[in-house]
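Two complexes are shown next, each including chain A; its partner changes from chain B in the first to chain C in the second.
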Partner chain A sequence: MRQKVMIGMAAVAAVLLARDLYVMLLKLPDEALQGAIYRIIFFHVPAAWTAFLCFFAAMIASILYLKGRNLKYDAFAAAVTEVGLAFGAANLITGMIWGRIIWGIWWTWDPRLTSMLVGWLIYAGYMMLRRAIEDPTERARLSAVLSVFAFADVPIIFFSIKWWRTQHPQPVVWGGGSMDPSMFNMLFTNWVPLLLLAGIFLMIRMRQEQNQRELDALRRYVHAF
Partner chain B sequence: MEETTRNFTYLFYGLLAAWTVLCVYVVSLAARDRKTKRELDRLKMMVEDKERETGAHGAGMR
Partner chain C sequence: MAVPALRGAPARAGVKPPRLSFIRQSLTIASKDLRSELRTKEAINASFAFAIVILLLFSFAFEPTQQQTREMSGGLLWLVFAFAGALILNRSFARELPNDCLDALIAAPVSGAALFFGKALANVALLFAVELVSLPVFGIFYNVPWMQQFWPLVGIVLLGTWGITVIGTVFSAMTVNMRLRELMLPMLVYPIMIPGLLAAVQLTTPLVMGQPLGADSMIWLRLLVAYDVIFTALALALVETVLVR
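Let's look at the complex of A and B:
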């Protein structure tokens, strides 16, 4: 059943992505100042939203774990953090490529870019911490605490362009930036297939976490002989 | 004209990079899946062998 749901989601995502690529490359006009490169925003921004949503879900799952000590929440937090890291990497890389054309540089230690990189590294550290601790309960407890604290960076990333002087463009959603409605809508339209992909990745990762639990139990059983 | 070409080239790189990251992640998920399944099968066989051994040993003792 889960397999069929995943295939259905992948098919819908593929159709939506194909349609979005057609519209953004052939229907939408170039931006007056940036030219064609502005289209990166249709992946750059939804990838960031997906990553933030994943990190938020990880924080909620971590709080629930700390409250109830149910290892299923820990598995969910680990799975969703990893998916968030993939989308966060896509966000950082597309941003660098856009910056190379618009700013003439690949990277600058601007508050938005720096806070995003720091956030990504903290969550990468979360994944490394999980690998370093053998005991499942200890691993779950420590990584849940780290996940809750790591989320403190997400509002800093979001508000960095409001709090400090930055060369990153102002946000077009809830900020000083503006965009033509057809381009603005594409941001949300292209977010849907990315969310579907994130959902599929999450389902695969959850199944892997389940397999891993089974594996750990079998290992303990084998060692008991 | 040259700037437009450069713009499109970097747009292509950007889209390619975004999808490459996600594709690499999918490949890593698939590889991990295969590894976990292999390990699960190996351990299940090991458990069956051990149980058979213990059963035979127990029967021999009786």
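Let's look at the complex of A and C:
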């Protein structure tokens, strides 16, 4: 059943993505100032949204785990954090490619870039923590606590780095400005297939976690004799 | 024929152990930690020696007599404090591992929050002691007039130290049973410390240079206080979960 749902979701995502790519590449005009490269925003921004959504979901699942001590929530939190890390990496990498072309530099210590990197490192630490603990319930308990701390820290990091950077002249000013509505809508339209993709990754990761638990149980069973 | 031991038992059960308040319990834990640390001096000596070595290394990375280097003295100082702090924090719970002292402490009739709070107080005291010795060394090595704003500087150092120690103590409890404990703690805790460290750096730099805090520094003071309050509350709320298996 789950297999079929996953294949169905993948098919929908593929169709939507093909349609979005068609509109993006052939229908939407080049941006007045940036030319063709601006199209990376349709992946760059939804990837960031997906990552934050994943980290938020991880915090909720972690709280639920701490309340009920159901290992299912732990598996969900671990899986969703990993998917969030993947989308966070996609956000950082597309941002760097974009920055290289428009700003001429791979990286700038702008508040958003810095916050995303710090957030990414914190959640990478979450994955390291999981690797370092062998007992499943202890791993679940401690990583849930870390997830709560991490998500509490994310807004503080964002605002502190924003204040820090706005007190200094920025190397490249990237003004807010408005976007053409057809381009703006595409941000959301393209978010749908990316969310579906995140959902598929999540399901695959959850199944791996489940298999891992079953394997561990079997291994313990064998060692008992 | 009566058995003496059995006769004594009911009377003993009726005696309630003296109930200590949260603060008293924390202070007891803190004084125990400080006493055992001052007897062995294993963390504080290592931490202080490490701080001096880093200050020495910085002098190779940055020209120590240049004005530019002085302008980032806040950043250098807090890096030293964070590195030295990691050594103290690592020992904080690891010290309890031999003879299963940690299990005994958890089983003792003090709440996890009080145990944590006491350990955090002891860690703040130890790290603050290291910082108080590092500051004059830094002042001499880098020729900065750090004495001119002494009391505001002490206040900021205490606030910053509280922030990084309180979160560090929770993570010390989290990593205590882990392989690669010494590595995991700084790797997990430094990114989470960033807002507190950032605010402390912004406030420390003018003070170390002998300038008073201006109106534009207040946002950093507020951030630092908010960071301390938020993470102290969160740590007290979650530490029971961390400690009790």
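Everything below uses one rule, namely that the second predicted complex is superposed on the first by the 201 of 225 C-alpha atoms of A that agree within 3 Å, B and C clash if a C-alpha of one lies under 4 Å from a C-alpha of the other, contacts with A are read in each partner's own complex, and residues count from 1 in each chain.
We adopt the following convention: contacts are C-beta pairs under 8 Å (C-beta built on N, C-alpha and C of every residue); 3 or more make two chains touch, one makes a residue touch a chain.
Everything numeric here is computed off the predicted structure, so don't read it as measured data.
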**Prompt:** Is A:157 contacted by the first partner chain B, the second partner chain C, both or neither?
**Reply:** second
**Asked** Of the partners chain B and chain C, which touch A:145 in the superposed model: first, second, both, neither?
**Response** second
**Request:** With the two complexes superposed on chain A, say which partner A:109 touches: chain B (first), chain C (second), both, or neither.
**Result:** neither
**Asked** After superposition on the shared chain, which partner residues are touched by A:218: those of chain B (first), chain C (second), both, or neither?
**Response** first
**Message:** In the overlaid three-chain picture, which partner chain does A:129 touch, first (chain B) or second (chain C), both, or neither?
**Reply:** second
**Request:** Could you look at A:197 and tell me whether it touches chain B, chain C, both or neither (first, second, both, neither)?
**Result:** first
**Asked** What does chain A use to touch chain B in their complex?
**Response** 34-37, 39-40, 43-44, 47, 86-87, 89-90, 93-94, 97-98, 100-101, 197, 201, 204-205, 207-208, 211-212, 214-215, 218-219, 221-222, 225
**Message:** Quick check: in the complex, which residue numbers of chain A touch chain C?
**Reply:** 66, 118, 121-122, 125, 128-129, 132-133, 138, 141-142, 144-146, 148-150, 152-153, 156-157, 159-161, 163-164, 167
**Asked** Any idea which chain C residues touch chain A in the complex?
**Response** 167, 170, 174-175, 177-180, 184, 187-188, 191-192, 194-195, 198-199, 202, 216, 219-220, 223, 226-227, 230-231, 234, 238, 241-242, 245
**Message:** Could you list, by residue number, the parts of chain B that touch chain A in their complex?
**Reply:** 3-4, 6-8, 10-11, 13-15, 17-18, 21-22, 25-26, 29, 32-33, 36-37, 39-40, 43-44, 46-47, 50, 54
